[in-house]
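In what comes next, subunit A is part of two complexes: it sits with subunit B in the first one and with subunit C in the second one.
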Partner chain A sequence: MSDTTTARIAGRMPGFLRRADPAVATAFACIILLLVFGSLYSTSFLSPEYLLQQLKVASFLGVIASGMMLVILLGQIDLSVPWVVAVGAMMACAAAAHGTAGMVLAIPFGIACGVLIGLVNGIGVAYLRIPSMIITLATNAVAQGLMVVHTGGFSPQDSASAAMRWLATGFLLPGVPNAVVVWAIVGAAMVFVLTRTTFGRAVYAIGNRERAAYLSGVDTRRIVMIAFAVSGGLSAFGGVLLAGYASKAAQAMGDAYLLPAIAAVVLGGTSILGGRGSYLGTVAGVILITLLQSILSVMQMPEAGRQVIYGVVIIGMLLLYGRAPASR
Partner chain B sequence: MLPEIPKNETLLFQMEGVSKRYGGVRALEQAELRVHAGRIHAILGENGAGKSTLIKVMAGVVAPDEGRMTMAGNEVSFASPAEANKAGIVCIFQELSLIPDLSVADNIVISDPPKKFGMIDRKAQRKIAEEALARAGAADIHPLALVKDLPLSRRQMVEIAKALARKPRILILDEATSALTAADVSKVFAVLKRLRSEGLALLYISHRMHEIAELADECTVFRNGRNVATYKAGSKSDNEVVELMIGREYSHIFPPKPPAAASDRPPVLECRNLSWNGRLREISLSVRAGEVIGLGGLDGQGQRELLLALFGVLRGVSGEILVDGRPASIASPAAARAEGIGMALIPEDRKTEGLMLPMSVRENLSFAALDQVSSGGVIDRAAEQRLIDEMVRLLAIRTAGVDIPVGALSGGNQQKVVIAKWLMRKPRIILLNDPTRGIDVGTKQELYQLLRQLADADAAIIFYSTDYDELIGCCDRVLVLYDGAIKRELAGDEITERALIASALNIRSGAEAMAVGAGA
Partner chain C sequence: MKDWRYWAAEQRGTLLALGIFVAMFILYTANHPAGLTANVVQTASNKGVLLAFVAMAQTLVVITAGIDLSVGMIFILTNCLASWLVVGTPMETAFGVAAVLMVGILCGAINGAIVIYGRLQPIVTTIATGAVYFGIALMLRPFPGGSVNEDLADALTGRLFGLVPASLVTLVAVVLVIWIPFRRSVTGRAAYAAGSSDVAAYMSGVPIRRAKFVAYTLGGLLASIGGLFLTFFTYTGEAALASGNAYTLFSIAAVVLGGVSLFGGKGSAIGAIFGAFAFRTIGDLLFVFDFDPLWQPLFQGVVLLVAVSIGAFALFRVKNRLEWFG
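And now, the complex of A and B:
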């Protein structure tokens, strides 16, 4: 039977390839198209230095989008990204100002603050049944307020620790920026969690049909809560990396990451309704968005124009893939 | 066959040769019905006899495949409920259709509010609502009160007023009193009788025989999608009515039952005085290992709620559940499936409750048993594959590989996946909620065999089915539910269609009544 043969071959393929759908291929095709288009504008678009630089910039978005993807797979959304990024950055820098112990604990402390906000989101969505769009927006506002109190509204004076700077800008492997390595590790962990663990299965199941997952005896509320906590932690980690990259935190530093993170996930073929999507797609989406940003800025497109283009790209992708019926 | 019609009551609506099929199932077959102005006409029949399809055809919800309908002599056909409303047929369904946060007046005119310059004319709306409420005998309800502030019986009055505001000539009430207490029912009845005297035709669907006896002028019994008899109310005994409702064609072959499940074994699952939210009333039962217990009764008498309550899905259940004689606190499906309890529920709707349709057969099959093929949250793929292969073979699931979406399988095979996913856990207590609905005869046969095999392997099974044949053919005992309570327990040879229908309607069958008389 040819059907069973193909099924057997598919069974041998790694999970993330099996889950890949046309959207992922389209996203990669778009990346190549963008590069070709860019090289017509200037040949330096194809130079290894430029590409590596783009990959490094993409790493920050990549880490943040990983958490966003987890939440979108559940059929929810995390709008608290902007200020959780800032909380991660500011808290890590603040900790770094407290002697050696602070230096050592700066990164875990920053991430822990993000996990805490994520937990609040998760408890609100899973146990109190507040729509994620509302509670995450609210925690974002609270985080913003707390940070304004913390900094007095000015640019924070604390600097990033050496470890943070090394993580974001150093080179452990010759020629490969550490930020890219960090993203690769986060990405590998995400692929493993999504395809090999009971938690990953439960995330897809809840995104597809929460009631069926609950009636199968899975503690769906716990899964949702954990996913939001992970998303908060990864957003804060993105903030830590950004602070290391810029040597210090800044007000509203996360504002530029909410829409691109959602766009990257959706561009990568993850259904906005949840239950379907592969991490490979998110990787493609992140690179695509980063390249788009870079090319637009090289072409000196004003910020307003860039915003319009993001929005249009997201709407376009939703029309293309988001409305497709969940059962292929 | 039809009784004589007094001359002063005119024939208002007539249905001739109406048939409706759903796939291979004949829901209505050459159905005939005559509805007269100024009469209350009761419709009787067991589950699946065609009552609800009949109403849906009349109310314009479904279009019949063939046949004709006439209204006051003119042929009619309804493309939508709105067209049926316009022709004068209005339906009140069992579930209340009011919006709690709107006012009574808003609700009454909701489908067609009076307008003035494109805006809702609140004055006219209030007037319409007041008239309708007065006609429904509920002039004491303030039109601007919010529906959510009214008690249930008052809401039912608003429901009737809402129907009356559409100026019906035929009013259909589908189980409209099932949510009401006896006192409220008598108020509703007074209104219905007055509406009858005003010349309305009322079609009354109920399973409460005493209500029908009190209210109806004539009755029509449906069986297998056909109207088998129409008679003047009170001219037939309850026993004769049951006789008319019996007579489904036997189409299944069941595996032989063992000679009485060993009654000396201790019960695996017991519950005492289980109550929930007025939908379950003081239910006590016990199931032994190796026993198949059926839940009978008409649709919606609390059978589904009972299974969900046992499985830990419902909140606020009072009463006690014991597993192996020890009190068990089952607060969620996760607790129900855990070691020591080992319960499984095959839910009612496989598409929304049993399966994640877009996910693969593999992911669906192993989903409930993932904890048994993983360590530290990491899935052991080889162990998972072994279990899956075993289940696909055991249940003969026909699928082109286990990596295609489960939604691509036939209904019968989807149901097998739902059952297999629970069998992987080797449950000791299996609850089944109407598992054979919408699947082919061949697969049904396989499921009956499987059920008996599981029981022989010492599982305790509770099996709810809307198909009486299955209860008769599969179960060692049948508990018949009526209005959320167990009304009768039938065992062994007592499980007959006659006994099932009689107890489902909460009446005694004639033979027993005689036996009781002889004993006294």
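And now, the complex of A and C:
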């Protein structure tokens, strides 16, 4: 990356209200296009019930993508999402099978397991300087191995606790699913952390140039480690919500979330090289991906076609505004 | 004497991988109920060769400091394609093999073109193209099935002269035809140069773009050879997501075990082949020691985790803390 570009990027710190990011605008434009296209296909597409349902489905991806965004802002990536989601779901369900105390502790326990895996990732990336892609692939494999041993390779029999089900499918506010409320809370916390705390500033700084952040007195390794732990925790939380939604955990339930999570973050204008991006963009990306999935399933597109379309859409969007600078 | 030392230093990773493999293989055969028979070697070689091809494909890309997370999917896609095309008369079979290899080359070239000319990150690019390749594989084979020319399959997975596994001979032939010429060519050297320092190579006028493009393309070709062999072993095509992901993951493990640096510019495909054999043998050790097969995924994951963590020891040699941040 050339120095001039870096300087230009560094000058543009978060604060999505200050200036509308073209990428975020594009993402929102695509959402509107999809809605128009969908309403031509089916008249029920614009009904409030359908849209709320979409928002509810989006909130699972939204929680997972929040963690992914934090890591991508650092210029790293977290490929351990699939099995951390499954670990969160399975461990929460397993805890729920252990009496009243287990019921109460199910959700924190599931999240704690995710944080633990995230910590391993973070220590590997920050202190051992292992490329994040490699260490997260390795912890993903280990998490898968642990879950295979735990479940015996079968679908786990434990079911989700009442609290988990309520969190994913209940209605605290009339008309608004709890999952959407959860996502709103996670999102608000992310916006606060990214724009109003030193931690958030440090994340952007490290994403731009870790060396410079280190020389400015930021304990970059601690920040990176915490970011990975948060990402693991949020992935596991997403798993807990999914388990509550389906009322049980399943093998490979997280496989369908890795690519969409990365896609949502990247389509929302967060630079894959780190240091640039806003949470609003991620929200747009998540909704965009969910709507795309929904339209493809309404059109009864088979899984194969969906995979191809995802891949092509991601590459296409990235080619539009995710390219690295040319000169060096 | 001095030449010998240089050679040993350059090949340290490869020799280490060879050592690990030999040690593991001795441990394996010593505890195998049947002992060291031609059959045991043939089975081990057939399993190892599959991963070896995919690991070679990964090596070519990793040498340029890139990564190809779609190798497993190219492997699966070409497997599904081969289960349609590699059938019938010898002529049709030959045409089918050529078509499968062309598709492999095309997949690799698409990866390369997007990464180099589209200037996107290899990780995200290959995850996305991997999804596309897997989708196409799933279109070709929504359900496992298909067939393959069994004469060819049996010839390539059997034994030559009743002793040498034919798959091993093919692997050696591929090394001689693809890897050695690549390694010795200007393009191959440029790939190493691009991997060790992109900027320096660019400033020296090394053709880094062409080198990277060739590396990705040959990677696709090697992965498709692996896909062909998978078809020869199983006689069917199957679009299995888990299998594709596993091969991508194992290829990285094999590359690391084989002494290829993930930061690029260091290592050789031959090391990766031994790494692949070693990784396969380590995985199979569980069987000869009568462990529950359920533990195998965990065991392989831990081996991978330990293997990638070993590279961290280089940190202790760092004198200037700023080098942490590369």
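Note that in this section the second predicted complex is superposed on the first by the 307 of 328 C-alpha atoms of A that agree within 3 Å, B and C clash if a C-alpha of one lies under 4 Å from a C-alpha of the other, contacts with A are read in each partner's own complex, and residues count from 1 in each chain.
One rule holds in what follows: a contact is a pair of C-beta atoms (placed from the backbone, for glycine too) under 8 Å apart; a residue touches a chain by one contact, two chains touch by 3 or more.
Predicted model, so just to flag it, every value in this text is computed and none were measured.
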| item | value |
| --- | --- |
| Contacts of A:188 with subunit B and subunit C, given as first, second, both or neither | neither |
| Partner chain in contact with A:216 - subunit B first, subunit C second, else both or neither | first |
| Touched partner set for A:196, first subunit B, second subunit C, both or neither | first |
| First, second, both or neither for A:128, with subunit B first and subunit C second | second |
| Touching partner for A:307 - first (subunit B), second (subunit C), both, neither | second |
| Subunit B versus subunit C as contact partner of A:319, first or second or both or neither | second |
| First, second, both or neither for A:162, with subunit B first and subunit C second | neither |
| Partner chain(s) touched by A:205 [first = subunit B, second = subunit C, both, neither] | first |
| Partner with the higher number of touched subunit A residues, subunit C or subunit B | C |
| Subunit B and subunit C footprints on subunit A, overlapping residues | 211, 214-215, 326, 328 |
| Subunit A-facing residues of subunit B, complex | 311, 313, 332-334, 336-338, 345, 347, 352-359, 363, 367-368, 370-371, 374, 377-379, 381, 400-405, 407-408, 421 |
| Subunit B-facing residues of subunit A, complex | 1, 3-4, 6-8, 10-11, 18, 196-199, 201-202, 204-205, 208-209, 211-219, 275-276, 326-328 |
| Touching residues on subunit C, where the partner in the complex is subunit A | 67, 69, 114, 118-121, 123-125, 127-132, 134-139, 142, 198-199, 202, 239, 241-242, 245, 249, 252, 256, 262-263, 294-302, 304-305, 308-309, 311-312, 315, 321-322, 324-326 |
| Subunit A residues within the subunit C interface of the complex | 77, 124, 128-131, 133-135, 137-146, 148-149, 152-153, 210-211, 214-215, 220, 252, 255, 258-259, 262-263, 266, 272-273, 302-312, 314-315, 318-319, 322-326, 328 |
